[in-house]
Each structure stands twice: as C-alpha cells, then as structure tokens.
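We call the chains A, B, C and D, going by the order they appear; numbering starts again at 1 in every chain.
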Amino acid sequence: MSTFGQFFKVTTYGESHCRSVGCIVDGVPPGMELTEADIQPQMTRRRPGQSALTTPRDEADKIEIQSGTEFGITLGTPIAMIVRNQDQRPKDYGNSTMDLYPRPSHADWTYLEKYGVKASSGGGRSSARETVGRVAASAIAEKYLTLSHGIEIVAFVSSVGGIHMFPPSSTHPSPSTNPAFLSLIETITRDKVDEFVPVRCPDEAASKRMAEEIAAFRDRHDSIGGTVTCVIRNVPSGLGEPVFDRMEAMLAHAMLSIPASKGFEVGSGFGGCEVPGSIHNDPFIVAPVVPPLETGATRNGIPRPRLTTKTNNSGGIQGGITNGAPIYFRVAFKPPATIGQAQQTTTYDGDENGTLEAKGRHDPCVVPRAVPIVEAMAALVVIDALMGQQSRQVSRNLLPPLKPAAKSVVGGAEAMAKAVENGDTKP
Amino acid sequence: MSTFGQFFKVTTYGESHCRSVGCIVDGVPPGMELTEADIQPQMTRRRPGQSALTTPRDEADKIEIQSGTEFGITLGTPIAMIVRNQDQRPKDYGNSTMDLYPRPSHADWTYLEKYGVKASSGGGRSSARETVGRVAASAIAEKYLTLSHGIEIVAFVSSVGGIHMFPPSSTHPSPSTNPAFLSLIETITRDKVDEFVPVRCPDEAASKRMAEEIAAFRDRHDSIGGTVTCVIRNVPSGLGEPVFDRMEAMLAHAMLSIPASKGFEVGSGFGGCEVPGSIHNDPFIVAPVVPPLETGATRNGIPRPRLTTKTNNSGGIQGGITNGAPIYFRVAFKPPATIGQAQQTTTYDGDENGTLEAKGRHDPCVVPRAVPIVEAMAALVVIDALMGQQSRQVSRNLLPPLKPAAKSVVGGAEAMAKAVENGDTKP
Amino acid sequence: MSTFGQFFKVTTYGESHCRSVGCIVDGVPPGMELTEADIQPQMTRRRPGQSALTTPRDEADKIEIQSGTEFGITLGTPIAMIVRNQDQRPKDYGNSTMDLYPRPSHADWTYLEKYGVKASSGGGRSSARETVGRVAASAIAEKYLTLSHGIEIVAFVSSVGGIHMFPPSSTHPSPSTNPAFLSLIETITRDKVDEFVPVRCPDEAASKRMAEEIAAFRDRHDSIGGTVTCVIRNVPSGLGEPVFDRMEAMLAHAMLSIPASKGFEVGSGFGGCEVPGSIHNDPFIVAPVVPPLETGATRNGIPRPRLTTKTNNSGGIQGGITNGAPIYFRVAFKPPATIGQAQQTTTYDGDENGTLEAKGRHDPCVVPRAVPIVEAMAALVVIDALMGQQSRQVSRNLLPPLKPAAKSVVGGAEAMAKAVENGDTKP
Amino acid sequence: MSTFGQFFKVTTYGESHCRSVGCIVDGVPPGMELTEADIQPQMTRRRPGQSALTTPRDEADKIEIQSGTEFGITLGTPIAMIVRNQDQRPKDYGNSTMDLYPRPSHADWTYLEKYGVKASSGGGRSSARETVGRVAASAIAEKYLTLSHGIEIVAFVSSVGGIHMFPPSSTHPSPSTNPAFLSLIETITRDKVDEFVPVRCPDEAASKRMAEEIAAFRDRHDSIGGTVTCVIRNVPSGLGEPVFDRMEAMLAHAMLSIPASKGFEVGSGFGGCEVPGSIHNDPFIVAPVVPPLETGATRNGIPRPRLTTKTNNSGGIQGGITNGAPIYFRVAFKPPATIGQAQQTTTYDGDENGTLEAKGRHDPCVVPRAVPIVEAMAALVVIDALMGQQSRQVSRNLLPPLKPAAKSVVGGAEAMAKAVENGDTKP
C-alpha cells in the first residue's frame, strides 16, 4: 500500500495527470524548525532533466506545506505536503499504438491486471512522479537525523551498464574489502556528488565514461541500467528491529519499492559470498575518539558506541542491528522500459501482434535521477528504526537498575552495576 | 518486530535456550484441512545436520498445534504452534573467551547494544533456531497456495563461494537471458533439489564441486558464503501492493530478514544492469493454453492471465505487480561468523585485545540449510499479497459494471462492456 | 495517530489555521464512479451554523479530489482530498486571557503537555475542523456500501440535556425493548432527520423542546450535552474481527474518537444491564423474505442471512460479529467546554488564579452537528469490517469443499454437503 | 483480529477445547525482572468459581513463560506464555438440542456465519477462556506501569441489575459530581475490592443486595447484567494519540472487546450530558505537592504535571489526552446469554422452531469475573499510550531548544527559555 513506517509514518498519493502529488507525514517530532526551504532542495535534486544544481530551476515542483507547522515550528501533528501537477488532465484515448499495446517490461499491463482500470498515463502510480511525496517526507526525516545525531546520507552512481566505479575482481569480489572504496564512503558528500551532475558518479574518469555510455544508448534509442551506492554515517548502534524488521530488511524493502529497482546488497553483498569467513569477519576494536559533533545526542550525553570494527564487511549491520559503523549498500536499476526503438509485442486483448513505437524523448538511464530517491528511502528507514530504538531505551530507563549479580548480563558484575547506576543502557 | 504480514499475520517467538520456539498465525482461511502432518516435513527439511531426507529423523523439532483447528479443520482463528527446545536452560557465565569477547560479525555485540541485556546464547533471536516458527507458519501458507492456485515454490543452492551453477559471463551477465537457467526454473522440484542433499544444488557437477569447496573450508576451520535461487510458479497476475509494498519489495524484506543474508536480486537483478533495454524488455505474447490444474482457482472459473511474456528478465514482476510468469530471485548469504580459527578481537568492555577461539563444530556454509527458509519466507510473502489482491477483487466485483463509454479503461468500449458484463475484472 | 482502518485506510491532516484540511484514502475499490458531487453533500451537512439543508450554502468547505480518479472512475490508488481553510493564518499571541489561561475541560492544556508546542488555535487537532477529512473519506465509503449492499446509515439526536426522545423507564430501562424505538430505527432516513434541522431529532415534540433547551442554555452563555443514536441497516452477517476488533469494539473506538464524546452503548447498552437474560436474549427466527434491493450483493447472488432475531437487544451484533439485524448504538456528547460565562481557573504556568472569559458566540450544544460525524465514523467502521470479511470469504471459497462427514461443522451432513457443493460458505 | 497494541503488542490464541490458550507479547522493555510469580496472581483472580482469594486455588490455569526471559530478566524479545487446557478434546456432535439450536444472543450462530466452520464449543473464541492470554499479557504491562510510574489500576462492580452503588439522581445524573464517588476512586485498592468477593462491590450494603439479586436470578435459572467501574491513578499527562487513538477511544475499543460488554462511558459519561457546561467544566488549579512515589519516573526526574483540575468530570482525559488526574470509566455487561430456562428459538437451518434447554450450571452474572479483565485491558491501553508518548518525548529531547521568541509556544518567553534550557518538554 502507500504507507511506509511505523513511527515516522509516510503516506503518499498521486499520479502523473491528477491535480497534485504529495504526502502526509504522521509522527514528526514536535518543536522542530521546519519550512518549505528545508524541503525544496531535495525536491529540486529529484527533478528530471537538470544538468547542474547551480542552475536555478524554474518554479516547477514547488512544495507547499499544508498543515502541522505554525510559525515555522512543527506541532507534532500530521504534516501534509503537496506539489501541483503541471499537466492535470488525463489523456483521452485515441488510436495511438500506446493505447493498443502494453509497453514491454512496463507497468501498463500489470496495473490493468491488478486494478481492472487503467490510468491514462499507463502505469498509474508506477511513474517516477510518485516519488515526489517520498522525497518531500524524507527531507523532514533528514533534518531530524542531522539535528539529533549528525547522520549523513549520501548516494552516488557506482555503475552504468558494464562501467563500474569499483569493478569486481578476484582480489576484491566485493568493494567491501577495497580500501579505496572504504575511504570514499567515509568522506563522500552530496556536494561532491553533485559536482558530477549529470551522472553523479564522483570519479572523474568513470563519470566521463558513463556519460559517454549513456549518450551512446540514447543515440541508439536504447536504454541501460546501473547501480547506486549509498552510505549512511553517524548512525547510532542498536537500530533495527529483529526478527522481521532487521535493519537490512527494511533497507531492502525500501530500495526495492523504488521504480525500476531489481536488486539490493548490503556490506559485502553478493561479492561477499566469495570471501572466506576468516577474512570477512570484522574484528572489534575500541572506537577512536573523535571530537563529537554538536548534536542532540551529544547535548544529551548520549555517547557513540565504545567499540567499532576494524574492517566493515558487515556494512554497519550485524544480526540485523546497526553497530555504529557506516552502513553502505548498493541498489540495481534495470534499463528503462520505455525506449524509442520499435518493439514487437501484442495488444492488450492479445488479438494482434504488432509493433509498438514510443514517441518522444525517453530517459536512457535512470540511475543519476535515482540518487536522491535512494537517499530519501534510506532516511525514512533510518528515522523509523531510530524512533523504535529510542522508544525502547526510554522505556528501559524507567526500570529499576538490575541487581549487579544478575547473570544474564555480560561484562562482569561490577561493570554492569556501574553502568546501570549511571542510567546507562549500554553496559 | 516479530510479526510479518498484514492478512496472513505470523508472529514468532523463542530463543535457543528457552522452553520452546514457535508462532501464532492469525488470518488462516477457515475450512482448510490441516494437521501436524502438513507441517512436519518442512520442519524436518529445516533441521541442521541432515544428510538425506529419506533418513527418518528422530523426534526432534516435533511441531504441536495448540489452537485454531478442530477435527483437522482450520477454524479461522489464530493457530499457535510450538516446538520444545531440547536444551531449555540458559548457560551460566563462566570464564570462557565467548563470555569476554563478542564474536566478530556475529550478533553478540549488537544485541547487547540494542537491548542492554544479553541472552546466554549470545545473539538471542539472531540464532537460526528462531526460524522454526517461520517455517511452521509457512507450511500452512504453502498448503493454501497449493490448494487454491497450484502455486509451487522451489529454492536451491546456486553458488557456493566462487562456484556458480550459472556463472556470470559477458554473454549472460545475468542468468535471466540464459535458456538453460530459464528451463531449470520452469521444471525444478523440491524432490529434485533434495536428491542433492547435503548441498541442494540440482546439478551433478556443480554440486560435487560445491561439496568439495565446503569440505575444504570446514577442514581449514573457515567458512564460506553462497547464494540461493528461488522460483515461484503459477502465481496469479495482479499480486503486489504498490507503491511501498511492491511484490519485489516484500520479497526483499522477507529475504533480508533471514539470518546471514546480505543481498537480494529479482529477475535479471544486478547482472541485468548490463543488458540493453532493447534486449532486457520482455515482449508480450498470448499465453499458451495449458491443461489447467485442479485448483480452487479453476473450480471457481478464475482464468490464468491472457498474456505472458516471451522472455522473463522481469522475473515475473512488472511495476511491482506479478504478471503470472515465474517469479525468481536470488539471495546472498555471507560466510558464517562463527569459525574455529582463532580471531584477534577485543572484549565487550574494550579493555583488552585478545584471541577468541570458538570451540566445537561449526557449520562452514549455511546455504544448503537456508533453502527451506527461503521457500518459507517466499510463501509468507505470496500468501499475503494474494489475500490482498483477492480482497480488492471481491470488493470490486460488488460494484456496478462500468458504463462501456468510460474512457479510463483501455481495450476499446466493446471489449470492456463484454468483460464487465461477465463480471470479469480483467478486461 | 491519524490513520483509521486496515483495508479502507483513512489518514487525515490539518488544523484550524493552516492552509487546508483533508485526507488520503488508501484502499478504495477500483472501478467505482466517483466525483466531488458524491462527497460535497456530507461536507455541507457537516458544516456548522446551517439552519436547513435546503438553503444552498456558499462555496465554503468545497472538497477537491487531488488523485486516485480519472474521468470520474476510481483507479484503486490513494484518493487525496483537500478543503482550503478560509483563515489560513495562525494567530499571534497577545495579552488576551485566552493566551494566559488554558480553557477548562478544553484540549488547550493537554495538547501543550503532550506536544510541548501549542497551536495558535489552542487545541490543535482537537478542533471539530479536523473532522472534515473524516467526513470526506466516509462519503466514499458510504457510496461503496450503498452500491454493494444497500447499507443505510442514519444518525439522529436522541437527547439534549434531560430531554430524551425515549426516556428510560422501569418498563424500558433501555429503548431496545421499546417497540416505538425499534420501529423508528427500521424506517428513519437522513431526509427525515434533516427535516428537523437545526436539532435533528426526528420527533416533532421532542425536537421543539430540545430547541428551547438549547436556546435557554445559549441565552445563559452556558452549554449542554446530549446523545446521538445511529442505526445501520442491511449489514451482512459475519462482520467484525474477534477477539480485539469485534464490531462493537471498532464502533466504540470510532465514536470515542469524535471530539467531545464521552460514552458509547450498543443495542440494549447500559439499560440492558437491568433486563433479565430471559427477556434480553434474542430468539432466532427465519428471516422474512423481502424483495431484494438491486445491489452488488444481489447481482452476485449473495443471499441475506437465513435467520434473524425476533427481538434485537443485541443491536445486530452477537459475539462481536454482525447477525444481519440493524446495528444501533448511542453516543454521549458532553456540554461544549467553551462557554461565554466567566470561569475561575489558573494560568498555564500555574502562577496566577484568575478569570477566563471567552469572547464571541459559542455553540451551546454540539449534538446536532455531531450527527453527520457519527454517520461518517460508522461508515468507516463498516466498510473496513466488510472488506475484512469479504477477504476471508473469498480466501475460503478457493479451498476444496469440506468432506460432508467433517464433524466440526454443524447443521447435518446433508445440509453441509449441499452447501459446499454450491460454494456456499454459510451452511 | 487477535493483536492489540502498537508498541506493547499482544497477540492471543486459543479456544476452550484446544491444547492451550495463551499469547505472545512483543515489545516488552528489556531488563525488567519477571517470572511466573508476577503473572499467576491475576490469572488466579480471573478464574471462575472462586469464593475468596485467600483460598489457595488448585494448580489450574498455571502460566508457563516460554521465551523472552533468562534468569528472571526480560530480554526485550517476544514473551510467549501458555496455559494448558484441562479439557483438550473438542466434543463430538450428538443429538443434543445444543447441536441443533444456536443459543439466542450467544455467538454460536454468528461465528458460523463468519467462519463457515463451527468450533465444538459453539462460540469458538467468544468464550471467556480466551481472556487468559489478555490477563497474562497485562500482568507484564502492570508490572512495568507500577515500576516506572506507580500507576494503579483498580476495577470494581458498580451495579448489578437495578442495584447501583451510586444510583443516578437528579442531583447527580453522573457520579462524576458526587464527592463520595470521587473519594472512593482516589482510595480504592484491589485488596479492598477482593474483600468483597464474590461480588467485588466495595460497599457492604450494596454488595449484600447484589449478592441476593444474583442468587435470585440463579434460582430462577435466569441471568442479569451489571456494570464495572475502573480507575487508573498516577497516569502521566500527555497520553493518548489523537485524532483516532485518543485515550478514551482506545479504552472504549479495549472494553468493548471484552465478551458480553455493551457500553462504555468515561468521566461524567452519559449522565454528564445532563450537566450544564458551567458545572461540568473542570477548572485548573495548581497540583498539590505530594511526596513522590519511588518510581522510575521520579528517579529520572520526571515531574508530575504542574496543574490539575479542581473537579474531574473529564475523567482525567481532555481532548483525547490524559491530564494526570485519575482516569475512570464504567463498562456495561449484559446478562449472560446461556440460561437454564427453556427458550423458544429455531434451528441452525431454520427448518424447525423448538425449545432449547441448556443443561448444567450457568453463571447468572458475569460482572464479578469481569473485574480483572477490565483491569487487564486498561493496562494494555495505558502501557501502549505511555510508550507512544515516551517515544515522542525522547525524539523531541534530541532537537535543539526552540528560540525563546518562538511565537507558537505559550507561557511567555522567559518561562519557555528556562524550560528548554532544562530539557523540559513541558514548559
């Protein structure tokens, strides 16, 4: 259905040709400064067709907050947001081939199978236009994540067709063992990624080759897929709700809900299957002391985890729960289904085989545009998991300290006794 | 949390060292024949250490239905099921290294970070023992799917370490374009897979090499990962609930909730990113007429979809909705974290670096055992999506037929009028 | 939170002084004719201050469908609806007593306690303005309920202060045993109720006395409570989801979520506690044959229940499940908290006791306005329960017929065999 | 369905004649001491047929914790609990009238209408046996509520038939204005109530008359209803989740989910409709300073609310949110449907009218037994609302303090600035 999240609950609506698209976000913490200016930038990054962020966009995709704030402060009540559609009229059906033939690998036919009614745009809510509501909601989530924990979420294009930023090799079946990759995910920023618009692959050489590859497919009226890699930094430990809502399960759910996505891998991923356990295991080390960010967490004396891991094949998640190390994952996007080439296929009623030709210009590769959507869905997962764990911790903090002799707690009686006296839930 | 599904709602419980493990299943259709004999076989397939299914197991993991049936018929009320644990006592903490050092890449440390209390087994619910409840619940789901639609779910091991049943190649970056693969997924059965116990890779040569590979890692006290491929056949069209609960999103969620899983890909998956759209797109054709199975669907006159696709790079899902073609996907499992080799790591409190040595025998590769769990989670996803879509269709069937001139329906006025007169929701 | 329903899921948003109020409805059956003209009438009935429905209202509270329909047909996707607020600016805080003193028995103080931020309107979402979204959503639900089953929902004012349409007496501690009451609920219509605007009590004499009572309280700058009775006719049997979501539990939840409501009783209710079981029990009789309405149910051959009850102290619900007889219930509404009289109270910070005087005109009695809101919430409960039960029945219909000898089914082998052959789920 | 709660999620299972009844509780805070000894007392209070609590019961209804604790400490994972049924065999159908005639006003017929299959006990899950799981779950909830906030929940019988502890009068249409009632709810304890077993009405004279009334109905093979009043003390302010999950809405939902309940009223309730607003409104006063209980809240420096109300017609809830004053409400229970008297009714198939006679001894009045079940459901509502609000507050606490000049916060710039500096969310 159209709702995501248990605590930070996002419900989206809208097709390509209706009055507006948007969302309601229920569960936003009260007392946060929030205006449209916090949301518009990601809306603009999400828009198709941009060649550079520095070029100010026209007024398209202007977000309007409907409710849930007053004087620029969140009230804790649902925040509704809408973006007007510019073309609000559904199209009449004529005799174009698009009306007779369901587009191969597109949602035209399955939407009709499911609903028995067909939106004029074909795939109804399968359009990327639907993601407007997600991105708007996630901008609120991201603001909270930044203010409360300094969490950073950055996605970038890691491959287009066969061109990889970190090609798998026998040495590194997964980039998770590649120091260059690990260094990148520790430092990459959105600003850096956007320097590489339109491709959004933060590597000069790879970016250039990818741009050429996309251009070649465009010129052939063909299309090509690719992958987006995303990193989430400064995540607290303890996030993720086993057994079914493990952190990676929620991320996978979120990523595979993005139109055109076909795969997800976290940490070492598929390549990691080929790495021996003795290398793959991430030994624990004491986490280095870093000057803390000025965040809600530090203001409230919530420490960063005491341990971290020496390597990070786990991708920041162990047993479905975050360990505080950077979470990183990769998402596969297929080649866009709508292509300019003629395609042999059959009509909706199956009575006639023939040729479908899609008129107009089509996007030969979605991955650059998918970047802010991947970030958005990641933010929705993280805020929900964070709220779930915060809820557990605050519940626990109101319980009496456990008696030092309690056998079920690891770390030694003294350590535990000290920890619980301090109200510390993390002995 | 520990509940999965909206319609067929499964809640599991249990750790390794408590009285029992099990589940409650709410939403089972009433009036279905069901006894423990329907459930025990998958429980037995799930058990570790078996060398062949033909060897009858001892009485371990015996399922007991507690409620929700009478005289072998489901009542439509919650079905609780339990399996006693053989070792019901949590272990006392001693001075073993396991008590001082969190196991690298295991859930020991993150569980403690999350809950502030540590189960004696270390990772608490991260143990594979937890999957008992899932497999029990899914056996009910599978019975319903078979009776109602003849749905078949078969998983098998497709790679161990670097040994692949269908190695990626420049011709076939994804097996989705490989006729041998497509042929296999149309015909493979569980019986066939189980002929290849203990590896469960239904290919003589690959199976043998995988067994050798696993043995080599075992002998080195090391571990290795692998992948499981799963196919779901005879799925009706129209399943999956966009936008967030697309069919592939729910499958990804389910698969990444399995312990040790690190990746998911559906249809062409990651390899499909390298296939041009003009090849990747699946043209529509009229579905061949096959003698229908005797199922609830055929008894009720519910037809199979009129169209199918010539190729199946989509993996049976387009726009997040099933199209009736086989669904297939692949799941990556990392090398098991618990290995016999000594590992340099640090203590829970970070005070001391040292060497952790895990005593005892450890499973060097989980993928053969993951096979029935992948099938189980697939069944839970499919039944929930099926019930969601059945609910929509029955709601719609009670509405007046749309007027023939309604413009929003594709296929021409006459076709639609005819369809709706027949109460057909799929014009 | 702000979402109601599992199948027909309504999420509302909006305060009094933001841009708009509205809702998203997810789960609307596809293929239903729907335009704003279906929704506006209940919006207009909901508006305050109307003296009669025949007086066309100005353009206020105009509903705008944003999504989910094309060419006047529902697509099965989320339907967003908005109503602009006329006063979109939150008020600045000045020195009025309203800013210093939380209004007694109003939501001013508790909203501040809960959210730590105060909407300028005081009680934030506690304003009746919030119900706009509910009423809009329910108009869609009602259209479906009418088309599919001919379900009718009619509410009316049954008491104002001490003036009761059916005063409790020693003969009839509950109206449930009063033939005049039972006759009324079988025949009352919305048109009839609206003849008695502004009071909406469909009894000439009682209505007149109530109007006088309300006027007297208004003149004293005081307020008074009352009750609304609601009947739901033509409900199928089998609705309601034990154990927690029994039909009466969901109705109670829905009704007590309406601002100012303080009580709920179904069937004989509180008065029924004083009626002996031998009188209170409703004997079963064969349901009289009535010419069936032309509905989706009759078109699909779904029969009305075979039995009904001779009396109806149960209020159409037994064991939490509807039996097909009219459901009726009563809701208590307290006297409005905002009154013109001076009230001694204390300031937000508790530093100063003083006198709060609310300026302006205030509604001395909410029950007439509550009538369409009670109907709206009833519709949301019924459609959700209906979809839940339809989903169960369609699931069951795909199972093989039970063997006639199955012992767990009552009614005799022959009856059952015959029933299951016919695909009848209600032997 | 069979799950209640969003944060403290209880799923129950079981009929009268299956192996066991019980529940899974997901969301229990980790680190709480918990053994069967915490749960058994309420299980025993719930049991039918007891004449006094001081009489030790036999071993019936013995609770067994299956999971989620180790060494008597909660792990934060699901806690499953089971109670064996003593009669585990469903009954064969014979020719008794009970097999031919659905019992009037019982769930026999509606369960069959809903599920199409009939449990041998007739009403399946409508049996009071089902409440075992609820009471077990709530014992965990109550322990947490006591430890964290000193919350006390006490229910008692307030009327049997026409015999009321606080009969409505023209002076006090609702007991909410009666000082004797208000004094009682501030002081009543479970021990005091249990002194009045078997009636559980804590008033010598009323209790005696009620006992006689019940005996008279028993002797006539008839039955009678009654009401249970419940008070919840020491509830924090801010609980309840508008708009749909207002505190009173959740309480109403919970209470109407109890078998045989027909009505719910909170605070002044139905009687309050007859009280003028000028009397009904509860003026605010500064809350008296009381020596704080030793609880988790006081250990964590969480203060009781600064204000309270002089009167309490609101029943501790305003705008759907608790204000810290005692919550009290009343629940109506109908006369039991199963009576010894012969009843004229019709058969399941409607073919034959006749006489149903229920053999055996039947409970002539359920209200004394309903007392612990009302307390149980109240505890489940309160803990869920508490966790929801704690989650909101902790989320908010991580945000930067609002600037003092923010206009949307009431209480004056200085007060607010001071409050936010202190991390106080309740300026």
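Following the convention adopted for this analysis, contacts are C-beta pairs under 8 Å (C-beta built on N, C-alpha and C of every residue); 3 or more make two chains touch, one makes a residue touch a chain.
Given the structure is predicted, the values throughout are model-derived calculations rather than measurements.
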Chain A to chain C, fewest steps along touching chains: 1
Rotation, 0 to 180 degrees and nearest 5, that superposes chain A on copy chain B via CA atoms: 180
Between chain D and chain C, distance of the C-alpha-averaged centres to the nearest whole Å: 24
Between chain B and chain D, centroid-to-centroid distance (C-alpha), Å: 40
Cα-centroid distance, chain A relative to chain D, in whole angstrom: 42
Interface hub residues of chain B, defined as touching at least two other chains: 1-3, 12, 30-31, 70-71, 73, 75-76, 90, 114-117, 119-120, 125, 392-393, 396, 402, 407-409, 425
For the chain D and chain A complex, residues of the former touching the latter: 6-7, 29-33, 70-71, 73, 75-76, 144, 147-149, 295-297, 299-300, 387, 390-400, 402, 406-409, 423, 425
For the chain D and chain B complex, residues of the former touching the latter: 1-3, 9, 11-15, 17-22, 24, 26-27, 30-31, 64-71, 73-80, 82, 90, 114-117, 119-120, 124-125
